[in-house]
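Got a structure here, written out as structure tokens. Questions coming.
Every chain is named by a letter (A, B and C) in the order it is written, and numbering of its residues begins at 1.
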């Protein structure tokens, strides 16, 4: 088995605000293998985007890494020097953000934004720049004439695809995506997702896909991490998560999904709301909303335990021999 | 944004009764927590105190001749005397009241007009909105001091005319921001409900929308006050006020006429100027805190000590 | 091009509004100011006097509407009447214009450059004690009325230290010429007034520039630029500063009115014989035609600058080019 592309170990991220320190991400560990499609799902505020940006070294004050390591292709991303980091950016891993309207510079044409990326990493010749730019656009099905267009002149779906094209300029090994389909309607979503999957298969890059919508990853991901309140609640291969959810939270999420096939049933929700990460609940962070809460859940914080091929942070599965690494 | 698929708990909009009406309390707490705001508030409170109880602090009758003319500051007269031998300090103290009064009245009226026009434009929309927006833009472009001077020339000098001309030139200042806020609130559920109940537009504007804008209104009031003090003083400095009234601006005018800075008691000119700047600073500091509260990106940034901040 | 049409429309409407204000005011204000003033005019040529009568609604047996249109016609042909001394208003304004243009023009450009550079850099380098102290200090500096800055400067440099003159635009008795000593004389006289204006105007601009910059830096496209591995400098200029300044040009232009007002006060304070000082003397003389002419002039100046800013925005901001 090849070495993992990305190894995140015990990563913790904090926001230092005037009032309190918010622990947005608490000791999260996961790996991404080459060519793997990893989905990270959770509700708003669970820390998934922060996790992504933390791993990508894109945090801005007041956010900062508080502990742990991020090893990408053998490099310690948190501690390497800036020049090396700059060299690796976009060549080895790139980032696609939620709203292309916000993520693309409204005052520069698409072509200009491709150009400055290529130039920043050493491509000087105009011919090469033009050629590569046209190439990546054709990968996502956009005509090269649009290189002269400005972001606001493209439709939402086209903009999003242009962003993905930009992310593939150097055919990186890892593309991190933060809710790239959330701003689109359902049809455009589906079309974009299948495009992403096609590209992934043909170019072989790994994907970390952050979303709040589980249905989007169910079809395309190899593995799924479910986050809650800054921690991993459950991590498992996609089939396992959907067919055999172990964590009460994951089960709640599954129950919230209507199935197009199958019998009609009443939809349940998860009562309550996500906790304030400046003052998280004691013990298990999910206990105030958990239907299977036990007395010890209030005082004892669960670790990640192995249950079959899944890792689950729930005291229901706590036995000393089963503690996951 | 009403439903979050992963949690599938319909995050219903909390009605403004709980959320926005708690705003004033949240505001006060936020302001108190901000050092700049506290400094500003202290300055303003001191000024209010001086305005309300001038007799308690001022050593002399401001208009009586009590000492030698153009005397420099001394232990008897802390800021020296005017050309007529009046105590500058006492004049300064007694002038606080009228100066503060004019500033507050103008700011309140202008904010009110601003709010009515801005929110009406936002809420009613359509042609009304377009006309009102053009009106606002016109008043924003017309330069303030020239209009002030022009208007003042026609009116009898005094506090009433001062208030009138300042209001005319200032009402548009915050109108755009208030209109933006109105636009963002326009389609919220509680307004749709009010419309469905058949409430009339003016009622909706005044009773439903305006209470949700308390912090913006307070910020607008403060932003206006910062500049009104200066404009009022400038106008009087140019001689367009009533020189016999006790205000900092008129003190400046009298001092300038008597060439105090060059050949008399310089503090007669500097002290009221300093007072104007100080009052403006007081409003500005509290207002600055509001900017920070409203836009967290503007708050001072803390850097971590241990570890490295991400690049 | 719809954008330009819209802005051009605003230009015309504001101009019309200013002209109308000038027409309405004498007619609605209490008292017989207009009558009294006109009564003091002697020896003015009948045409100019008639124009004034129309503008002030005195001695004219016309309907208000007819007077209004005749007044507008006069304005378009540049007939703004005569001053109390019988000099045509336009002539008077034109003679004083160069001094104010020089003073305000130079200081505004200086202040803009200083304000922009300082604002951009202070927003880019955040964190540390400076970040907590500098902005409120700047904010307060920008809110200090300009006359106070002027007073302080006069007191320090003219009275106490006696380094610089405190009034006029050149020394009494000197004859204007393009010689070096005269130019130096003019400059010496312009330093203190200029400095007062620069301090306050730059303070204003640093503050708003910094806020714009901070908001821009928080945008997603700046984050993307970082993610792409662009150099820090490239990001600061190409993604942050450009996007913070250019769409806001019109906003900056609209602050010009405040600057011009400040210049009036400064000219008065320093007895600097430009348009501002003219405005002041006109107000003490109750020279209504001159005041109204100056008011229109100032409004037109701001309007033109705003229009120029709009044009520039149309050129540099691609978003304005769409229908």
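Methods note: contacts are C-beta pairs under 8 Å (C-beta built on N, C-alpha and C of every residue); 3 or more make two chains touch, one makes a residue touch a chain.
Everything quoted here is computed from the prediction, not taken from an experiment.
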Check: Which chain has its C-alpha centre farthest away from the C-alpha centre of chain B?
Finding: A
Note to self: Counting C-beta pairs in contact, which chain pair has more, A-C or B-C?
What the structure shows: B-C
Check: Which chain is the middle one, judged by CA centres?
Finding: B
Notebook entry, point to check: Which whole number of Å gives the spacing of the CA centres of chain A and chain B?
Noted result: 47
Note to self: Just the number, please: Cα centre separation of chain A and chain C in whole Å.
What the structure shows: 52
Checklist line | Between chain B and chain C, centroid-to-centroid distance (C-alpha), Å | finding: 22
Next item on the list: Would you mind listing the residues of chain A that make contact with two or more other chains?
Entry: 58, 60-61, 85
Next item on the list: Specify, in ascending order, the residues of chain B that touch 2 or more different other chains.
Entry: 301-303, 311
Item checked: Residues of chain C whose C-beta touches two or more other chains -> 126-127, 218, 226
Margin query: Can you tell me which positions in chain C touch chain B when the two form their complex?
Written below: 10, 13-14, 17-18, 21, 25-26, 29-31, 33, 126-128, 131-132, 135-136, 139-140, 143-148, 151-152, 154-155, 158-159, 166, 211, 214-215, 217-218, 226, 254, 256-258, 260-262, 264-265, 268-269, 279-280, 283-284, 286, 288, 291-292, 294-295, 298-299, 302-303, 306
Check: Given the complex with chain C, which residues does chain B contribute to the contact?
Finding: 36, 134, 137-138, 140-156, 226-227, 229-231, 233-234, 237-240, 252, 256, 261-262, 266, 269-270, 273-274, 276-277, 280-281, 283-285, 288, 291, 295, 297-298, 300-303, 311
Notebook entry, point to check: Given the complex with chain C, which residues does chain A contribute to the contact?
Noted result: 53, 56, 58, 60-61, 85-91, 94-95, 97-99, 102-109, 116-117, 120-121, 150, 152-153
Item checked: Contact footprint of chain A on chain C as seen in their complex -> 126-127, 218-221, 223-231, 234, 238-239, 242-243, 246-247, 316-319, 322
